[in-house]
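Below, chain A partners chain B and then partners chain C, in two separate complexes.
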Partner chain A sequence: MRKILSKILSASAALAAGLVIAGAATGGAGAAEKLKVGFIYIGPVGDFGWTYQHDQGRKAVEAALGDKVETTYVESVPEGPDAERVIEQLARAGNKLIFTTSFGYMEPTLKVAKRYPKVMFEHATGYKRAANVSTYNSKFHEGRYILGQIAAKTSKTGTIGYIASFPIPEVISGINSLMLGAQSVNPDIKVKIVWVNSWFDPAKEADAAKALIDQGADIISQHTDSPAAMQAAEARGVKAFGQASDMKNFGPNAQLTSIVDNWAPYYVERVKAALDGTWKSTDTWSGMKDGEVVMAPYTNMPDDVKKMAEETEAKIKSGALNPFKGPIYKQDGTLVVKEGEVLPDKDILSMNWYVKGITDKVPGQ
Partner chain B sequence: MPDVTILAAVLASIVAAATPLLLAALGELVAERAGTLNLGVEGMMIVGAAVGYATAYGSGSLILGTLAAVIAGTLLSLVFAGLAIWLAANQVASGLATTILGLGLAGLVGANYVGTRLDAAPELHIPGLSDLPLVGPVVFGQDAFVYASLILLAFVAWGLSRTRAGLVLRAVGESHGAAHALGHPVRRIRTLAVMFGGACAGLAGAHLSLAYTPFWASDMTAGRGWIALALVVFSAWKPLWLLAGAYLFGAVSILQLHVQGFGLGIPAQLLSALPYLATIAALVVISALKRGQGAPASLGVPFVPDR
Partner chain C sequence: MPFRLERQETVSGLALLAAPLLALIFTLIVGAVMFVALGQDPIRAFSVYFIEPLSDPWTLQELVVKAGPLLLIGIGLSFCYRANRWNIGAEGQYVAGAVLGSWLALATHGTEAGPWVLPAMLVLGALGGALWGLIPAVLRVKFGASEILTSLMLVYVAQLGLDYLVRGPWRDPQGFNFPQSVTFDPVATMPLLFEEGRLHAGVLVGLVAVALAAFVLGRTLVGFSIELGGSAPRAAAFAGFDERRVTYGVFALSGALAGLAGIIEVAGPIGNLQPSISPGYGFTAIIAAMLGRLHPVGVLIASLVLALTYIGGEAAQITLRMPFDVTRVFQGTLLISILAADVLVRYRIRRLKGAAHA
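Right after this comes the complex of A and B.
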């Protein structure tokens, strides 16, 4: 059996590498004057979540700048050595602007960028830049503050269920933002958190939703990518929030709203800049006011709740409200943000603690 | 009373979580007992999920969808059989190629269905029995796939150990040379076993996309085909231990979510690993107790008849 297993491992590694190269090779070779723009995705474009929305952004670029650009994408590329090969392949194939759309592509992007100084790179959700590497991200936590308020107003049991993926700062700041929003409406609100340790595993996400509902949660929020939790909530007759895409179709009676990723404005702007020759390495962290974080229509809730959500949304857009505005206390009661101050961006991007009121512990701490 | 309701809900979730694993693993068990190691389970499962969903969505019939899923899984298994059995190619490589082909095909078939949904396959309701507390929802309130998996399990367990066909199939898996000398059509028998595996994997895929999470998304099997493969090995190729393994895996996967919900402070990463640890531990103990129950002797060895 050991022999078979080692064979399996070596063969799968070889085949996986071959698959990636074959995938990259499908990128088209076209007219010379067009700007070639490459995209590398962590998941399949059919995930209806993270990668799906990045691909919608790519399509928006094609729609907006049709005859001036030619786009290529490579999907389902694991983070690690394969990513570097694929990014390099995209650069060698003549792509002048390359979007690398997952956190773990950070080092591979920088390595390839060094070897191709004339190619422009855009890395999503990272924090390391270079002369030809920009970074960009969205403030999804702004939307989660609104979810928290809606949940606290709507919940009858006083318990919000939260399906989380991995304990990284982005997910933890999302949980905190939701909790702060909820506490602004009901100081006694509870949140139950279940980690599924996956971004995308529909059956497991559905199981997590059912477990939370069985334990008394009547509002389900998620930081995973599939609509499975929404569907489970619909089947059990509770309410839920969608993620990445508008999931109303999966929960016609369950969906309160969804936080929709909208990369199109940024992608179109950056490709235009590359066409004009005005592209520069930048660090962009946009949010609701830039239209990158979009709330799906507020549904299945009373008018007063809807009004509150719309008001909060307007305040966040105008800058009058920041979810991480003090006073904010950690679980042990220490004051992290004083009254009248806001938590600096860099502290949000490295957040590894829960706010007061969450009874669970951050995994691994 | 609410405690009974929660317990029933948890048990019902466990049964549902175990079912796709049991179905896929059962088919693979038969293929392996005949001597072929088909690593294409994940691919056959995802193709079943995609084709099943597309057919059910197009026709409005879950039964047609399920049938299409079974046929799709079987057809893909024939690709593997052609390579590994009739061309005597390396089984490991052929199986992996089948999985990769399946993932690609499924993405293609499903591309137009991303973002759509179906109504889930209904839970069967038997008046009287389904309303019993606890037993009702767990035993009599499941969807048809659950009952199909148990009926298939009984059929395989009985067929392998109690019928002449089962004896021949095992003989082919233990010593294809001897079986061939006795005049048994080794390659044909193996092909049938692999086709059964494909059908079961397709059915498992249909359970995911038609009942468990009734929508289509690429990669929605999320590695369950590989878990099914591991379960076959750890169950020492015994159908009843396979049942135990699949249900244990399902139980721990569901219970760890509940433990997290109660906020006991156990690291979530450890809890996520628990289904694997518990299943490996339990099945290793079982196989250690019963020595001499190794893999079929001809497993993974291509058969080329000499004249």
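Right after this comes the complex of A and C.
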């Protein structure tokens, strides 16, 4: 069976190749030894959000390393079998370093990496590695601690609205970090959570924001990608935090700050390593001190709140403050982190419980 | 000025064959203008788009892998549409089949279960899809509910059910709480046909389905009753064909094929259960069925053409740095031209005289 099929396939391949002369006239243009670097994106590049920030990182690589590199990207690739094909196409097109920038690209990346042992792969937000597959992510929860403090100081109703995407550890730890930050200012603060089960769905995000505002939230924070919630907050005259990119233009009076993803330092460093031949498979989880999690300018808040935010930011950068420093209690009152200790990274990366004070339930638990 | 589309009494076979070719030429012209406007060499663009994917064994395999689910679902849908039953919910039947089939893979995970697992999964997959497909059929027969709405709505029910399972009871305990099941054991995975590439045994199922469907539709009384029930329901009733049985039959069959496509995809290229297991195959297959003129061989060709537009589009992004949107515009132009050419061959545009009001 295999033989017959392979004959048919190669015969039709030869036929197709012979039919049109132009078929063979393409391929590598024989430029001098440039390192080809490929990127695969989950969404369209657009003007803001997760994919936009990764593309900014790609541009930073081009700006920093100029004619030593050649970058390519493929956008809007669904997770699953399509991703595996596109990653393999990138490898076959001669890309030696490939960044796969969505969690769902984890298995496809590993599968292709096995077949291309000489190609280096970098997978964002995953946890499985191989000799030629690194993983990287940012400690976004560090920024959320600051958001919590700002929200608790600014809110008049004492209720923060939170638009959440999927109940995975990264999102849960973000909610907890925000709550711990808020409790450090006002122990009685409340947080209301709406799950939209999407990373990007402007209509649902706007509805969620309106529902939260109707329920008394006067600060909206989000772990989704569109500026719809920011616009809703602007229209209703409440405050909000942006996500991934600075969303000031969507809420000039509403935005307090945004957590901006800055992949540029990491991308430049890794491409340099690949050029030098020092690239190794690693697991990188950088945060504010590395410049990967950046706070957009603090606006629309009194000076004392701004001062507090800046101080907290400095403390997180210096390592004096860790959002997950004990004592931390679970919802049912059990102590998870003792006074003076911090929650280990692996527990943050697999978090599926809320801290005390959150009255909601983690979906599916 | 009012116009009307009139059905041609006779359509020559030559015209029917020429229509897709004309559409292709039209697309190439539009595409050439677009590529030149973007500063691309149109010949090179077409070569990257259409020729290179067909001149390399790896991309040929990928083409077939991508076309596989479209083919199976599209064949099932052509039974429905021939019978004038509008099943829009193949995406949900695909998911339902994948879920029921995966249940066995997960239940036997880590056990000594033998090679019977995969065939049993395929049977369960087809069963799951058929049962899901029968819901809108029952609602239509018993209550007269529009199957267009009910089948579409059931897509979301199936997707959310899958979502619940992979985030809850079926979640990989070692997976750091991320929403996906364990990777299936080798006995629950589609065997690959070659050492290199991703071509798996599932595509053979698709080819068998083409042959069987062509036989049933072309040569059997069942096929005739479906066709007649669709085009002349009263005549079918007088001929003694039971309309309800046709409804149940075509929904069960198209559901089963969609479910089969789902479990093949999960046990094949995906390898485990995830919150999202289809980039919209169930909906794209509607286009495949229509482009293929509801004929199994036509659906086969249409599925391959659709797969080619995806793979060519990705190649154009990689080698020519063409934006994603341009590749999609090009794909859309091709599809609209083919459908328009089809209409223009079968119908003629007639200007209505004396009916002008303004």
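The criterion applied here is as follows: the second predicted complex is superposed on the first by the 333 of 365 C-alpha atoms of A that agree within 3 Å, B and C clash if a C-alpha of one lies under 4 Å from a C-alpha of the other, contacts with A are read in each partner's own complex, and residues count from 1 in each chain.
The rule is short, and it goes like this: a residue touches a chain if its C-beta (ideal position, glycine included) is under 8 Å from a C-beta of that chain, and two chains touch if they have at least 3 such contacts.
Quantities reported herein were computed from a predicted structural model and do not represent experimental measurements.
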First, second, both or neither for A:Glu79, with chain B first and chain C second: second
Partner chain(s) touched by A:Glu62 [first = chain B, second = chain C, both, neither]: neither
Partner chain(s) touched by A:Glu107 [first = chain B, second = chain C, both, neither]: second
First, second, both or neither for A:Pro167, with chain B first and chain C second: both
Which superposed partner A:Gly38 touches (first chain B, second chain C, both, neither): second
Touching partner for A:Leu90 - first (chain B), second (chain C), both, neither: second
Chain B versus chain C as contact partner of A:Thr359, first or second or both or neither: first
Contacts of A:Asp347 with chain B and chain C, given as first, second, both or neither: neither
Chain B versus chain C as contact partner of A:Lys204, first or second or both or neither: first
Common interface positions of chain A, toward chain B and toward chain C: 1, 12, 19, 44, 76, 167, 197, 363-364
Of all residues in chain B, those that touch chain A in their complex: 6, 9-10, 13, 17, 20, 37, 39, 90, 92-93, 96-97, 100, 107, 110-111, 114-117, 120, 208, 212-220, 222-224, 233, 253-254, 257-258, 260-263, 265, 267-269, 271-272, 295, 299-300
Chain A residues within the chain B interface of the complex: 1, 4, 7-8, 11-12, 15, 19, 43-48, 52, 76, 161, 167, 192-198, 200-208, 210-212, 214-215, 217, 226-228, 231-232, 235, 245, 249-250, 359-361, 363-364
In the complex, chain C residues that touch chain A: 43-44, 46-48, 51-52, 54-58, 60-62, 65-66, 163-164, 167-168, 171, 176-179, 183, 193-194, 198-199, 265, 269-272, 274-279, 310-311, 314-315, 317-319, 321, 323-325
Residues of chain A that touch chain C when the two form their complex: 1-2, 5-6, 9-10, 12-13, 16-17, 19-20, 22-26, 38, 44, 72-82, 84-86, 88-90, 92-93, 103-104, 107, 127, 166-169, 197, 349-352, 363-364
